[in-house]
């Protein structure tokens, strides 16, 4: 599998973009076909798999207990990790997380955290001492571009799917009871990523388009259309007008997605 | 309608200091040294002094590193003795190679010839760039008179863009230094200068002058100040000599 | 441990450190302060104290990492253990790794990478004291260090953040505003090319607030740019205050 996009293809993509077209026939503002499945990993407290074109991301949620952060004693904790596993691409090497997987995890984290998607105040067991810790593990299984949107989508879908065992506190000890409660969620943020090719802005870049793009701009939008996280990536640049255009487009696109997903 | 006769704006006075990204001119200008053109505007790409010559805009960079050019005379340091040649540090982002064949001026016999005996790590050479392009490291040659191993003298490194200043207009600056110090001076275009004098004091004096040029190259009246400094130092030395005689 | 302030902005629109909504913190920039680095700069912005250094262009090690048609750029953003209230472990944190990446991506568009194939340049940023907005101050210093090294650039890169404190969009967040405010929008740009090379945001802003923040941050960038250029030129305006010579 070629890791480099041939210069011929690069030219093709750029020329098509000029005319408002893309290699796979999509419009500049069209997402690829996507599918979401939830609950496929029974041993995880929550899970979801997203297929976005050929990009595939699986997110598993594990819930544990631990100490809260000292400056937020009455809130539960969330932490996001991402793995770009070698099976996903010839360019992913085994080893500890590199800057790409760390950036991906932190972008997904910011979308969820800043939108206050999880009601962390409801995750307190004993204020200041014991809270629930929500581990969000993003597992990229196949890389065909736009890992950010696919991972963000899978993370929120997995959180929606998460069920926590009921418990009661007896003599300072946690005792599991029967039954489950869904993880308390307040919002369902959606992340929209645009790539810049020449002076065209295209949504949901596939891998070939990513190799050719000048830069990307991702925005996480909450249920009220507010922006809660932004990340520019790549070695190109955006004009200020393009940034404002992207924020309008991202808001509209998120609304459209939200309707499609029923979120 | 073409626009001959319309004034094409320049944005700086000649010899002003400009920084990367400053717009130097707009219109039918050509971007020269350390400048680039985009969307009809010429911008500076390095910090330096701007110069307008007809339609050409140049920036004389105050600091730039050396990039090899064919036929440049350079001074380098041997960093590695290899199997069929030497690696040479020429004060550039690329390591240069000097082939055994070139130095020995005859067929090279790997079993018989011990290259370290000819040139060893740490030795200095004056050489010329024999070949260089974007895909290969520079190759050196010492096959011309005046080139080869350096056995005496002191080395000083200056910013390569200052070499013209050390030479001066029509060689005025370098002549004065040679005259006042009695030293031989070889200028490597890679910013490395070799000073060989009759005494260490003479060499030190020449080095002092060169250092001063490096620091003040962008100022005016430098040739006069250097001349003055050299003459003052010489008279100080004469005084010391006379004193120690008594 | 400090008490959390009730309000970040008082009724008269004055912030905790006495500034108005659109005022920058005091800023000091110095260029060429490290003798071993090829380029260097130091910034004090508010209580931030950050050193940036550039080494290169130089040979790539390991060799197989070299690119045949352009330079390789590496960047390390690192905080000293004593730079923050609670000692920070010297090991690189995930935040430092992400910042190293976004800072590199904010500077690369300004550099003529294609000029120096098969070479690399290292950017090192050391945060000696942190006070909100370290990534922006780091970028401003690193761009100066890069220009100081003589590596050609399209423009300087300058960075500044805007954010939301209480209900007001404010410029250049200080530490408390960063921690307690409801949004933070850092921006880096090449001002003469009107090109934004870093844009991040965390918090909650509606579209109009976001637009206000972006415009305010860009204004802040342009003000800092003036100071950046002066810092670069200051190195070359000598004691006599004279400008360049032929």
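Each chain carries a letter (A, B and C) given by its place in the written order, and its residues are counted from 1.
The rule is simple: a residue touches a chain if its C-beta (ideal position, glycine included) is under 8 Å from a C-beta of that chain, and two chains touch if they have at least 3 such contacts.
All values derive from a computational prediction rather than experimental measurement.
Q: Taking the mean of all protein CA atoms as the centre, name the chain whose own CA mean is closest to it.
A: C
Q: From the centre of chain B, which chain's CA centre is farthest?
A: In terms of C-alpha centroids, the chain at the greatest distance from chain B is A.
Q: Taking each chain's centre as the mean of its CA atoms, how far is chain A from chain B in angstrom?
A: For chain A versus chain B, the centre distance works out to 54 Å.
Q: Determine the centre-to-centre distance between chain A and chain C, using the mean Cα coordinates as centres, and give it in whole Å.
A: Centres of chain A and chain C (C-alpha means) sit 27 Å apart.
Q: Between chain B and chain C, tell me the centre distance in angstrom, where each centre is the average of that chain's C-alpha atoms.
A: Centre-to-centre distance between chain B and chain C: 34 Å.
Q: If a residue has to touch 2 or more other chains to count, which residues of chain C qualify?
A: Touching at least two other chains: 190, 193.
Q: By the touch rule stated above, which residues of chain B touch at least two different other chains?
A: Residues of chain B touching two or more partner chains: there are none.
Q: Give every residue of chain C touching chain A within the complex, in rising order.
A: 94-95, 97-98, 100-102, 105, 108-109, 185, 189-190, 193-207, 210-211, 214-215, 218
Q: Considering the complex alone, what residue numbers of chain C touch chain B?
A: 38, 56-59, 68, 110, 112, 116-119, 147-150, 152-156, 190-193, 229, 232-233, 235-238, 240, 242-246
Q: Over in the complex, which chain A residues touch chain C? Could you list them?
A: Listed in rising order, the residues of chain A that touch chain C are 97, 99-100, 102-103, 105-106, 110, 113-115, 217, 219, 222, 224-240, 243-244, 247-248, 251.
Q: Where on chain B does chain C make contact in their complex?
A: Against chain C, the touching part of chain B is residues 15-17, 19-23, 34, 36, 38, 43, 45-47, 49, 60-65, 67, 93-95, 134-135, 159, 169, 216-222.
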